[in-house]
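Across the two complexes that follow, chain A remains constant while its partner is chain B and subsequently chain C.
On to the complex of A and B.
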């Protein structure tokens, strides 16, 4: 293809997106579009899978049968999200094995929030309320993103995530209205998860590298700072409602902006965790890689069995 | 307690689901593939759902203010009535699925009989559970066949798991006092009658899986009387952690 032809295809491609048309797997797409989507979508899938670990950590110790069942169902939903996000990414011409390989070698990233430990039951509430809350703010705009399989996967993911968020808030509410010990547990979890949740919405706009191109492709519709503000404005009244205190002495309603002003985020901590040196980075990867390696003989057996079955069938047919 | 036999009978059924559900829940996020991870979590979820139905009923029968959670999480080790098989650890995927398979075949046959119980609550619970457990049984027998008739490595592991777990199968067919009383009343299932068809069915699947049916005639028992293997205590310390550390609170 001549450069002229490619430019013409790119022009048509950009126009389709501008008209809000969906790009489908068999459509022509610029190489960079494919690569960017593989990167973002697989990162999203990895986040779901790694995200199972901190919550899975409390399944055996959930305080009641009702909570145990709800937590199991939630973690199972996350596995389901991972499954259809991996499938959606596969439509771009990469296999699940390759994506796992990228995760296990550290080439692909996942959401840094999962590199924090879940040390009390209240962390199950805080993750649902804050982490899923921030994730929804990030993800709702993706229901209208330009790549069809991603947009469709996100519609389902978002529905379930908002259920998870309510569930998490309900855990926190119950604790906040409980005994002093329970309330303290809830406040402590909020103290530990608040700042990492704000960081989840990404670096500030002045240092964010992908934003402009992503806006054009509708992989992003609002800037990180706008999303963060939206999250804070939405969450502060919820904390007040259940009598918990946001751990930010600079947090103050700004009448003029109609938004909350908030304190400085510790970006050094953010980059430390992103670069692999958070409290749980090594453990999370060890758990994923360990499960994959321990499972190799099982996957091999399943392949070998399927092959044997196929051969027997063919023999019968002959 | 007026209905002590019925209460103990329900606990005998429910504790199997409780302890096995807890074991399967341990695996969440650590399975050999995403699909098996989802399936194992799903089995755990089904089992805990069943546990809730049974214990809500047991709580009504006890009538002393104890809730489903009190019954599930605040008994002492010797008061748990599950069979020894379900408390065995997740040594590897062959053990996990072998344990599941050996339990599922029994569980399904048991529930099919429990559907006929003259106790309407129990028969209603059994009706619901039969559907779930049919699926569990299909899943676990498929995996036993896959691993048995897969690679030489998987065959060896599957055989070893079946050999080790076999000793816990006979206990299913032992009757407790509560069992006997409930059979007389038409409420309970006569487990002694399930034994022949159980071994027949299990052997069929194992043969298809090219796994040798163990010939050992030495079996372990005691779970139904609360005499467990050393594994149970650790499992319970996880299960009970929150209820023991923070007593009398709502969650």
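On to the complex of A and C.
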């Protein structure tokens, strides 16, 4: 194809997206669109999969059967979300094995929030309430994104995600209304998860490299700063309601803006964690790669069994 | 190595009797039995289905969007296939 032909195709492509038409797997798309989607969607899938680890840590130690079944169901949902997203990404021509390879070698990133440790039961509450809360704010606009398979996967994810946030908030509420020690545990979890949750919504708009192009492709509908403000405005009253204090001395209501002003985010910490120096980066990858390697014989055995069954069937047919 | 990876399956779920099976996504499984079991866990955790079909992805033949013109455009100028094409006197209320 000549350069001129490609430019013309690109123009038609941009117009389709501007008209809110969806792009489907076999449609022509610019290389950059394909690559950007593979990167974002696979990182999203990886985040769901790695996101199971911090919570899986508490399943056996949940304080009641009610909490245990809920946490188990939530972690199972995260596995499901990872699978929806992996299969949607595969429609762009990358194999599952390639994506795993990228995750396991550190070539692909996942959400940095999962590189923080879950040291108390209250962390299960804080993750559901704050981390899933921030994730929902990020994900809801993606239900309308331009790539059909991604948008459809996100609709399923968002439908399921709201139970996650509620179960987390319920844990926090219960602890905040409990003994002084329980309340302290809840406050401590909020203190540790608040700032990383704000960072989860991405670098500030002035340094974010992907925003403009992503807006055009509807991979992003609101800027990181807008999403972060939305998260803060919605979460602060929830903390007040259960008597917990947001760990930000500069946080205060701004009447004029109709929003909360908030303190400086420690972006050095964010970049340190992104670069692999967070408290749990090594541990998470070790757990993930270990699970994959220890599961190899199961995957191989399943294939061997399927082949044996198929051969037996074919023999019978002869 | 890649020959030993679990193949890809397309999953179709009927949400209730009376409705058609609808494509809801795909997954990897060693064989059709496992594809059904995995589809149960991945796509029907909240009563989304009463019946599941699984088809190995490689068995699906799909039309190419590049051929959409010759495939689908001929239907566009055949307005006489629609009831509104035909003139009726106002007296005929239901037809």
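In the analysis below, the second predicted complex is superposed on the first by the 318 of 318 C-alpha atoms of A that agree within 3 Å, B and C clash if a C-alpha of one lies under 4 Å from a C-alpha of the other, contacts with A are read in each partner's own complex, and residues count from 1 in each chain.
By definition in this document, contacts are C-beta pairs under 8 Å (C-beta built on N, C-alpha and C of every residue); 3 or more make two chains touch, one makes a residue touch a chain.
These numbers were taken from a predicted model, which means no experiment stands behind them.
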item	value
Which of chain B and chain C A:209 touches, first, second, both or neither	neither
Greater chain A contact set [chain C / chain B]	B
First, second, both or neither for A:80, with chain B first and chain C second	both
First, second, both or neither for A:52, with chain B first and chain C second	first
Partner chain(s) touched by A:26 [first = chain B, second = chain C, both, neither]	second
Chain B versus chain C as contact partner of A:1, first or second or both or neither	neither
Which of chain B and chain C A:90 touches, first, second, both or neither	second
Chain B versus chain C as contact partner of A:318, first or second or both or neither	neither
Chain B versus chain C as contact partner of A:299, first or second or both or neither	both
Common interface positions of chain A, toward chain B and toward chain C	73, 76, 80, 83, 299-300, 302, 305
Of all residues in chain A, those that touch chain B in their complex	49, 52-53, 56, 59-69, 72-73, 75-76, 79-80, 82-83, 86, 121, 171, 174-175, 178-179, 181-182, 287, 290-292, 294-302, 304-305, 308
Chain A contact footprint on chain C (complex, rising order)	2, 4-6, 8, 25-28, 30-31, 34, 41-42, 45-46, 62, 64-66
For the chain B and chain A complex, residues of the former touching the latter	22, 25-26, 28-38, 41-42, 44-45, 48-49, 51-52, 55, 68-69, 72-73, 92-93, 145-147, 149-151, 153-154, 157, 235, 238-239, 241-243, 246, 249-251
Chain C-facing residues of chain A, complex	24, 26-28, 73, 76-77, 80, 83-84, 87-88, 90, 95-97, 152-153, 160, 299-300, 302-303, 305-306, 309-310
